[in-house]
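Two complexes, one shared chain (chain A), two partners (chain B, chain C).
The block that comes next holds the complex of A and B.
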């Protein structure tokens, strides 16, 4: 007789089969995800010589050195500023664009495809093209010249960070727009019809019907936009390379600083420390997003 | 069904074995690779590799050409993991950490003899770290002042400036503005922005060295302090701010460097000899001259040697050194000079054929009496210090308010010097200057 905790032979075979298929996946996951993450945390408390592969435990010294470093403070300021501007701008424009497209009686799918196109362009070639657009004799300055204005040094000083923000919003907006469009189209028209019958205007419908229903999508979009903004790397790296009209270090962000510490300065231990701090920052803002959106969905 | 499965497995394995043995038969007996960051030299090395392979069947040589910063970053991972190229062409200061970690092979005896008998005396220091010979020098990058003869003639100037005071004066006479007062042709092209340490290097050669300054001051054997809180540094930064904001002879909104000189949107700039080959190819009609770097309290040039080194992990060191020996012979040295334009290192070669084809090259070897050379420090954290210097300067140059505020500028220099001292201290290299 089988008790309720014993497993039949055929079921055991099935579990073994499932385990044998999942084991390689878990093994790969541990090797490429879990182990590097735990090593990153561990190395942040050590002085690590990456050429001789020796390490010495030093407690929190890497953290105190990092906070005393002007580069880290500059990178932190730039990254927070970058996120503070691009996240609301991305959300606002993407939602606005989606609502505009949704409001049309006659839908034009080609318009949606055009707005989504920038997201399909790989970030590195897009950054190279934008670098040329921003160059002293690039498209933008030539346009300014034709309308009688002076050239602008788009990739210099504080202007450089805003130039990269423009590129970033241009690229990410299409994706967020599609996400919001899907959300808008899933709202049953009965809610808007009922609101209209009650005498609500467009703004009231948006505020009391559309936005609350879109809350889970807004949460997803804001978390993704925040993570992307804090993880920004490729455009900054591409724009800061080279000699003429390259931004140099003025637009250093956390991910680029981590990269430079690891591969240019050979300070893998400091790079790990900074990666831990970046992780904590993203976790913090994600937690805030979740808390703000804790209100139950109207469904 | 089972028989079919077994047969299909057997035939797949057999096919794989055949393919592997076929691939193995195409593989060379010896395969080595050379990594370089110099695109113009790399193209010539590919020709040399073909000639060497033709003379040595069974040897395959791959030439890898990478952007300068990318090569440095590649070496960080590949040398410690034993996956780097066999031959690496790099500078002493970039390779110093790897030498100290024992990742670069000691050169054979012929290299020492080559350096002592056949290499220009001016360039010899750059292939050593302390007294350890790193490898065989390939080319050198001495710096020159390029000046546009037509623009100088137009401005009524007799020739290139010799001092920084003359440079400031000449630049004001050479600059051109549009109707809104914006610079459209710079009087002197400054390196104001860019990745890596390019900004720092050009500032050192144009401003800091002529004012007698140095980024690091050796306070005890093997110990240093930052040199950024000195009067020379402040004068060097002030020079750039004056040129940009007070004299307005350059601007962020115009082109800079080689491109600007090629397109004649600048009257002069300082750079290495490769520009000559560049101008011959892309702007043969530009009338220009080359002159020694501008001096003031010190007169000389930064000398950056590129060196062929062999990685400790190379399993074909003998072939690697033999190929280096082949590239470094008299004939190939001449060819490299003619096609790439970097300073040749061999003093025992007659370059008159090359001078006949390209007279500008003759000026490259003209070292006047009293003209000196200075080299990069070869300490482990140098890359970090120098890249951060470039970033610090690039930010500083954008701050117009500092142009007429010497106290604030001094404070900025002091603050950065403390950052440099922190890096030195982290690496056990710091000792304060007690003098």
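The block that comes next holds the complex of A and C.
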């Protein structure tokens, strides 16, 4: 009772402190994240004139134009295919590699570091190196030649997207591997010992002990891998420029199409419309991931 | 007896197979990096030769001299440093201050605001790049380094990661400082920040490498060579040195060397930081 006034004062002081730290951050956050996201949605319903900076509301017309566009359909197909292949492959390899490492009795820090190394290589230089390796007279084809196989046109037609998938898994795998490794290490060994005493084999232990415990990490990994796959840009951009490039629309993906609509065709509104679709796809797959993981954890 | 020997044999072969597998994978992981580094020291004749050697027979710095003398590659690297370091510093400040507030204070709308931060973690820049570009254009920051910095000055994962780590700082420590008469600002600067060394280092590295890695946004903002980032420089080399793979490799090696060196020196923080951010995601 006695210090009611001082409590009120210190409480006010504390709110002032909270506001002084949080308000500037949220002001920036709104300006560079929240507002642009809502603007993307808003612009997708407008016709935007780049020169005069004027907008006219046109309802869903951008969307109907987008879905009638061959470039968009092709990009959508390629991106979905890219995700459909790289997400499971990435997770399978990363988890497999983590389990192989975990099966050794001692930690092998040097191998862990080596597996992680490609993730530290930025995508642009990585893509430039791989592009040379893939080129018609490049290292990979010379290698095929020496072992008596014929050349493969790694960057032509539908092969190009597949080649980018290899580079992508090479670069991203180490990150997921480290996450799985930490997860595996956090499992107390009594679980496996108990399962072994019960006479379960390696597969049963993996299926009924390891994977259920790893579920939250698997969820995180598959969401990450999905988002990465849907936002793929740099390798595709590198591979479609300069010499020996991947031709035509063979590697066109959503983010490349967004970029080109905005800066080659100067259609900011159409680019926003496509960005909304990209957002919806990512939201959809994140929701599926969450759903699947929640359903399973009920059991 | 026979059975036991058979078991042992089988165990040993599986040991050998696993080790072989681990080593082969390690070699495949490193090979492209090795190949780029080796090729960057080769003279043109060895790059164009009909058969490749696994290392340069007559090692030369020619390719590096070429990209730094014929092109303003030093400038590109410097720009990337400025952009990455600047954005990282701001991202650190915004993450640490808001992370601390979310971790240790209660106030109206706290959970709602934090949920908004969490919700944006999964949204890639492609989704909001166009309106942000138009905004940067309005500010007159097109083709400037601050313009390239802008999307990186805030980091949802950084805020999240800071909050998670600062929650583990015992409340008693903060209360003790309050009783000693420390102001809230001094508590933050002299108690909280020093105790958050590990997440600060981890977030710095993540932010720096993310900025260093980016192509999509700089491609939109930088228009003339004096504002190019290193990645844009590499794109330029693809056109200028169209079939000169030696020069392209030298450029690639310089750009990939920086995060690789970071990794070599700060491996512990990086692996722990990435792993932790993963576990709590």
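One rule holds for everything that comes next: the second predicted complex is superposed on the first by the 281 of 299 C-alpha atoms of A that agree within 3 Å, B and C clash if a C-alpha of one lies under 4 Å from a C-alpha of the other, contacts with A are read in each partner's own complex, and residues count from 1 in each chain.
Rule of thumb we're sticking to: a residue touches a chain if its C-beta (ideal position, glycine included) is under 8 Å from a C-beta of that chain, and two chains touch if they have at least 3 such contacts.
Quick caveat, the model's predicted, so the values are computed rather than measured.
In the superposition on chain A, A:208 makes contact with neither chain B nor chain C.
By the document's definition of touching, of the two partners only chain B reaches A:250; chain C does not.
Applying the stated contact rule after C-alpha superposition, one finds that A:170 touches chain C and leaves chain B untouched.
Contact with chain C, but none with chain B, is seen for A:122 once the two complexes are overlaid on the shared chain.
Legend: residue contacts after superposition of the two complexes on their common chain; A:51 is shown touching chain B, with no touch to chain C.
By the touch criterion defined above, A:157 lies against chain B but remains apart from chain C after alignment on the C-alpha atoms of chain A. Looking at the shared chain after the overlay, A:63 reaches neither chain B nor chain C.
When chain A is checked against chain B and against chain C, the one touching more of its residues turns out to be C. When both complexes are overlaid on chain A, the residue A:191 reaches neither chain B nor chain C.
Of the two partner chains, chain B is the only one touched by A:264; chain C is not. Once both structures are placed on chain A, chain A residues 241-243, 262-263 are touched by chain B and, in the other complex, by chain C. By the touch criterion given at the top, residues 18, 21-22, 25-26, 28-30, 32-33, 35-36, 39, 51-52, 94, 97-98, 100-101, 105, 107, 113, 116-117, 120, 122-135, 150-151, 153-154, 156, 159, 184-185, 188, 209, 212-213, 215-216, 219-220, 231, 234-235, 238-239, 242-243, 245, 248-249, 251-253, 255-256, 259-260, 262-263, 267, 270-271, 274-276, 278-279, 281 of chain C touch chain A in their complex.
The part of chain A that touches chain B in the complex is made up of residues 49-53, 65, 68-71, 136-137, 141, 150-153, 155-158, 240-250, 252, 260, 262-267.
Residues of chain B touching chain A in their complex: 67, 69, 72-73, 76-77, 79-80, 97-98, 100-101, 103, 178, 180, 182, 191-196, 198-199, 251-257, 259-260, 380-381, 383-384, 387-388, 390-392, 394-395, 398, 415-416, 419, 422, 426.
Of all the residues in chain A, the ones that touch chain C in their complex are 13-15, 17-18, 21-22, 24-26, 28-29, 31-37, 39-40, 43, 97, 100-101, 103-104, 108, 111-118, 120-126, 128-130, 132-133, 139, 142, 170, 174-175, 178-179, 181-183, 186, 217, 220-221, 223-224, 227, 230-231, 233-234, 237-238, 241-243, 254-255, 258-259, 262-263, 268, 271-272, 275-276, 278-279, 282, 286.
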